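Each of the next two complexes has chain A plus one more chain, namely chain B in the first and chain C in the second.
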Partner chain A sequence: MSQFIQVILSGLATGSIYALAAVGFTLVWQAARTVNFAQGEFVMLPAFFVLAAMKFLHVPFSLALVLGLAFSIIALGYLFKQLIVQPLLYQQQSLNLIIATMALSLLLKESVKTFYSGQAEPFPSLFPDTSSNFFGAAVSLQDILIVISALAVVYLLTLFLDKTRTGRAMQAAAQNPNVAEILGVDVKRMTLYTFLINAALAAFASFLITPIYLAKFSSGEALGLAAFIAAIIGGFNSIRGAVAGGILLGLLDNITATYITASYRTALPLVLLIAVILLRPEGLFGKAEGRKV
Partner chain B sequence: MVSFKSLALASVFAISTFGVAKAADDTVIIPCVCEASGAGAVAGTNFHDGAHLAVDEINAAGGIMGKKIVMDDMDTATDPQTSKGLVQKAIDGGAYAIMGTVFSGSTMVNMLVAQQAGVPQFTGGEAPALTAKGNGFIFRTAMGSQKGVPALTPYFKDTLKAKKVAVEWVNNDFGKGGHTVFLDEMKKAGIEVAVDVSSEQGQADFAADVAKIKDAKADAIFVYINEEESARFMKEAKKQGVTQPLVGEVILTSDKVIELAGEAAEGVFAHVGLTANADVSGIKTYAEKFKAKYGHTSDHNGIKGYTGVYAIKYVTEMNGKFDKKMLADKMHGLTLDVAKYPNMLMTVSWDKDGEMSRDSFMTTVKGGKQVVISTVPAN
Partner chain C sequence: MNFFSWKCLGWVLLLAVLIIAPIGRGGYIISVLSLWLVYSIAAMGLNLTLGYAGQISLAQASFMAIGAYVSALLSMAGWPWLTTVPFSLLAAFVVGILLGYPALRVQGHYLAFVTLAFNTLVFLVLRNEDWLTGGIYGLSGMPRPNFSLFGFTLFDATQNLHFYYFILLLTVISALALWGIVRSPWGRAFKALRENPIRAESLGLDTRRITLLAFAIGSAYGGLSGAIMSPLVQFIDPASFTFAQSLRILLMVVVGGIGSFFGPFLGAAMAIILPEFMRFTDKYYLIIYALAVIIVLIFSPKGLWGMVENAGARIATWRKARATS
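Then we have the complex of A and B:
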């Protein structure tokens, strides 16, 4: 029983971080109709912004987090949108945009390796790593706070999108940019907001996961793949789907590794991905999209 | 009639060729084919730094028999196929001997290339299989796990009085070799292996592994995984409230792992073949030089790189000429006494298969630092 509680809690913690990154995939998809294959690196990089601020600017960790978040929003949100997405969207070359994000992924990874370090670096935790006993399981405060904070951020995002004027305008711009523009929505600005929010979510995910996974230039690969799979399983056009996909993936990974086989733990999510694509391609919670002819 | 232009071109060509030939006569090429990125970056970077420290010292003192060492760096990215290509490139570039690779998985693949070319290779790898393939050109810079792991058996049996142990190991050539040796040792000692958990190189999430190990309620846990994974494992073990002693071979108490794991490393134990914290005067001097040059503490891989280059120097000088086959032949059955060869840091021997013997150490982590608690005689 204690082992099961432990596995579920760890799975929820990992899954909630996957969920944050997966929501980023869905946001970019809704805003630009493209898959951002650099999303994993978007989660890897903010940790290095923080470490660089501490190392070169000699600021305390709390201030470095703020600087890291700000720089992530500027670099991975504003600059990404203005320099890469906007020119290629204007050309209506969605395939080129996908390829550009793949190139960006390589560039970010190799840049960190070359200009910072090829080795793993420790990263301070946002939360204390104390544990308490719950039916024999060591319930980690860090895991609980990761789950709560990740889900809280997603909940706040959902509230923002559903209940605020700007949020509804962002949704309108994502669903039908032409009609939204006719109705007076500043589509370009709303699209920019989407990218800024994605960058902020990626940064937050980075701050949560890096203390556990360590800061390394290659850590975005596995994270990006997991988040991509989670987004597809949950539904690429649904934020709630992305959250559900992330949580499901985290739980399945841990349960598989503990009770079935550790050797094939990475295979099960891929099997699930194929099953979802075959049986319900819009994802578990997504909406089927028709194609205009 | 030869034009002035042709004559001028020929002269330039002749002078440049002479210049190149002169440069080649003055130098000996010993590339460092190491892991500067990927899962092996910690080990490879330290190995590289130690090797370059030795090269700088040797060159400052006049080189090997008057020839300066040229050490080109080749990053394998901890990929075996890449390392194979780089070893071939090193050989094509005129390597006299090769330093690296550190990761056994890469060495298993690339050492065949060096063997075929007859180029001596000094590896940091510890998998038993490396010196069991009849390769006359491979030489260790640290003892294999088939020598190191058995040194832990008395610790489990007599010190910890363990009746049941849990095992966490990495599913690569390094891990498989040590895992097999450890299981044999536990069987001989009559200690039950309660749970046997394998992990993958580069694995980030150890929650399931630790949950299984914790549930097994063993008396002690043997951890045999690579550097970054060791840190992640220890952090997860601390998070899940694991109280059993964690005992490793070589890696668990290294400085980089302690840095990455933080407080989670406190109180772990490891048998190490080499450590910069040993109370040995040569090692202390080396550690100071390394820290002064690179600004960080050397781990055992740094010592491997350093002593490997010096082994090449000393044996070449014994031979009196730069002959690759003679270098390899001389190494077999050789003992380098630290009294006569001080930059070997400790007395070291190699057998006919390139396997190394040297005194080793039991260590623990106290106050965030590796502390040597005893010396283990060479076996």
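Then we have the complex of A and C:
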């Protein structure tokens, strides 16, 4: 029983981090019909920005976090949107943008490996790593704080999207760019905001997950896949769906690894992905979108 | 000389270069060239799926794996290599149908992720089921094929140069087969599908069946490439057929030029041969390569072959202008 509680809790913690990346994925899909295959690398990279800031600029951890966040928003948000998405979005072949993000993931991965380190680097934790006793189970305070802060960020995001003028303009631009444009919404700017928010979410996910799994150039593969699977389960068109998908995936991941099979641990989410795509392409929580041929 | 005979001359010259290129070179260069041909076959197959049928598949390496392991297991059980090839092709084709039939209901990025997931599943099975596949240690020591006719040795594939020519022959055969497919009514249907799916469907094409066929044939090319790789490298392990490998093949197709006949060869050359000449870039090569892919996509969506074609068209108009003036 005590083991079960621990497994569930760490599942919730990883799940809520997956949820952050999945929400970003969903937002970018809605705003620019862009599937970002480099999303996993977007989660891997900010931790290295922080490490680099501490190593080369000799700034304290807290300041390095701020710098890392800012740099992520500039590089993974602004530059990604302007240099890669913008020129390719309006090309005839929609495959090219997807493939460009695949190349980008390779570029980011190899750059980290070559210019920083090919080893797994330790990353300081944001939260105290103490555990307290809870009905006989050692409950990690870090896990609880991760879940709370991740969900808080998503909640603030939904508040921003629903209650502020800019947020609603962003939703309008995503739902129907032409009408939004006519009604005076600066669609281009709103799309850019979406990419900035995605980068910020990815950076936040990075700061939360790296203390657990270490900073490594190759960790993006699994993270990106997890984010995508979560988004698919959630239906790719709703934030709540992406959150639910992320948490479901995190729980499933930990439960399989502990109780069923460790060597096929990575297989279960994939089987889940294939099953959902084939049986319910609109996702477990999503609304069906009109399918384009 | 008209355009057609120029083209024929180009073919003959290209083939001549490919025949002469490895003569007198060291074993290393020959094996790089052989590997290039092997990847060209895999890329050709993916080009059918991606370029002609418009479907992103990230599972080409897993079809190579299927071909390679089927061929390796059978030939280690004592079968002559040539008899294992049809089984490699068939296995990849059938798995292609089984994966494609449900997966092609979803398209675009969904299909990309289904195939990605499939590739990872194949990798896990190869790694974990070591009673069959040798696990992480893989399989090694596959015998190379040897052909004798009336006691006269035609190909002695233990020699690298002989094996290279043999692979070249197989590449030419598979390229001609693809040429035939693309020019058949099927092939036209593939193109119709890519250019305008709704119109293709309204003209009575069974789009789903055609896409499935393109996917399965493309997979069979992957199987063939794997079957050749197994005796060429004489060592296969799960790590050679990861998702990263599939991505690499996909990028070869894109860089070379999606949907162009020669594109896959150019793309594979850029990924396999060029690094050998750019040894000075060493560890930066993959970074440069990835960057080059993005730049090519932005400035020449039709890839390197598109650039060649553009240049050709420009020369043609220039000559026409000079002839008329």
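By our rule, the second predicted complex is superposed on the first by the 287 of 293 C-alpha atoms of A that agree within 3 Å, B and C clash if a C-alpha of one lies under 4 Å from a C-alpha of the other, contacts with A are read in each partner's own complex, and residues count from 1 in each chain.
Throughout what follows, contacts are C-beta pairs under 8 Å (C-beta built on N, C-alpha and C of every residue); 3 or more make two chains touch, one makes a residue touch a chain.
Predicted model only: the values in this text are computed from it and were never measured.
Participant: On the A-aligned overlay, A:Val243 touches which partner chain: chain B = first, chain C = second, or both, or neither?
Facilitator: A:Val243 sits against neither chain B nor chain C.
Participant: Check the residue A:Val35 against both partner chains and state whether it touches chain B (first), chain C (second), both, or neither.
Facilitator: Touch partner of A:Val35: chain C, not chain B.
Participant: What is the contact status of A:Gln119 with respect to chain B (first) and chain C (second): first, second, both, or neither?
Facilitator: Only chain B is touched by A:Gln119; chain C is not.
Participant: Using the touch definition from the top, say if A:Leu106 reaches chain B (first), chain C (second), both or neither.
Facilitator: After superposition on chain A, A:Leu106 lies in contact with chain C alone.
Participant: Touching A:Ser263 in the superposition: chain B (first), chain C (second), both, neither?
Facilitator: Both chain B and chain C are touched by A:Ser263.
Participant: Of the partners chain B and chain C, which touch A:Asp253 in the superposed model: first, second, both, neither?
Facilitator: So A:Asp253 only meets chain B here.
Participant: Overlap of the chain B and chain C footprints on chain A, residue-wise?
Facilitator: Shared contact residues on chain A (touching chain B in one complex, chain C in the other): 263, 266.
Participant: Sort out for me which residues of chain A touch chain B in the complex.
Facilitator: Spelled out, the residues of chain A in touch with chain B are 2-3, 6-7, 10-11, 13-14, 113, 118-122, 129, 131, 133, 138, 140, 142-143, 212-214, 216-219, 222, 253-254, 257-258, 262-263, 265-266.
Participant: Within the complex, which stretch of chain A touches chain C?
Facilitator: Residues 35, 37, 84, 87-88, 91-96, 98-100, 102-104, 106-107, 110-111, 114, 221, 225, 228-229, 232, 263-264, 266-267, 270-271, 273-274, 277-278, 281, 293.
Participant: For chain C, which residues count as touching chain A in their complex?
Facilitator: Listed in rising order, the residues of chain C that touch chain A are 50, 54, 56, 102-103, 105-106, 108-110, 112-114, 116-118, 120-121, 124, 127-128, 197-198, 201, 207, 243, 247, 250-251, 254, 258, 283-284, 286-287, 289-291, 293-294, 297-298, 301.
Participant: Over in the complex, which chain B residues touch chain A? Could you list them?
Facilitator: 36-38, 41-42, 45, 171, 197-200, 202, 204-205, 207-209, 211-212, 214-215, 227-228, 231-232, 235-236, 238-241, 256, 259-262
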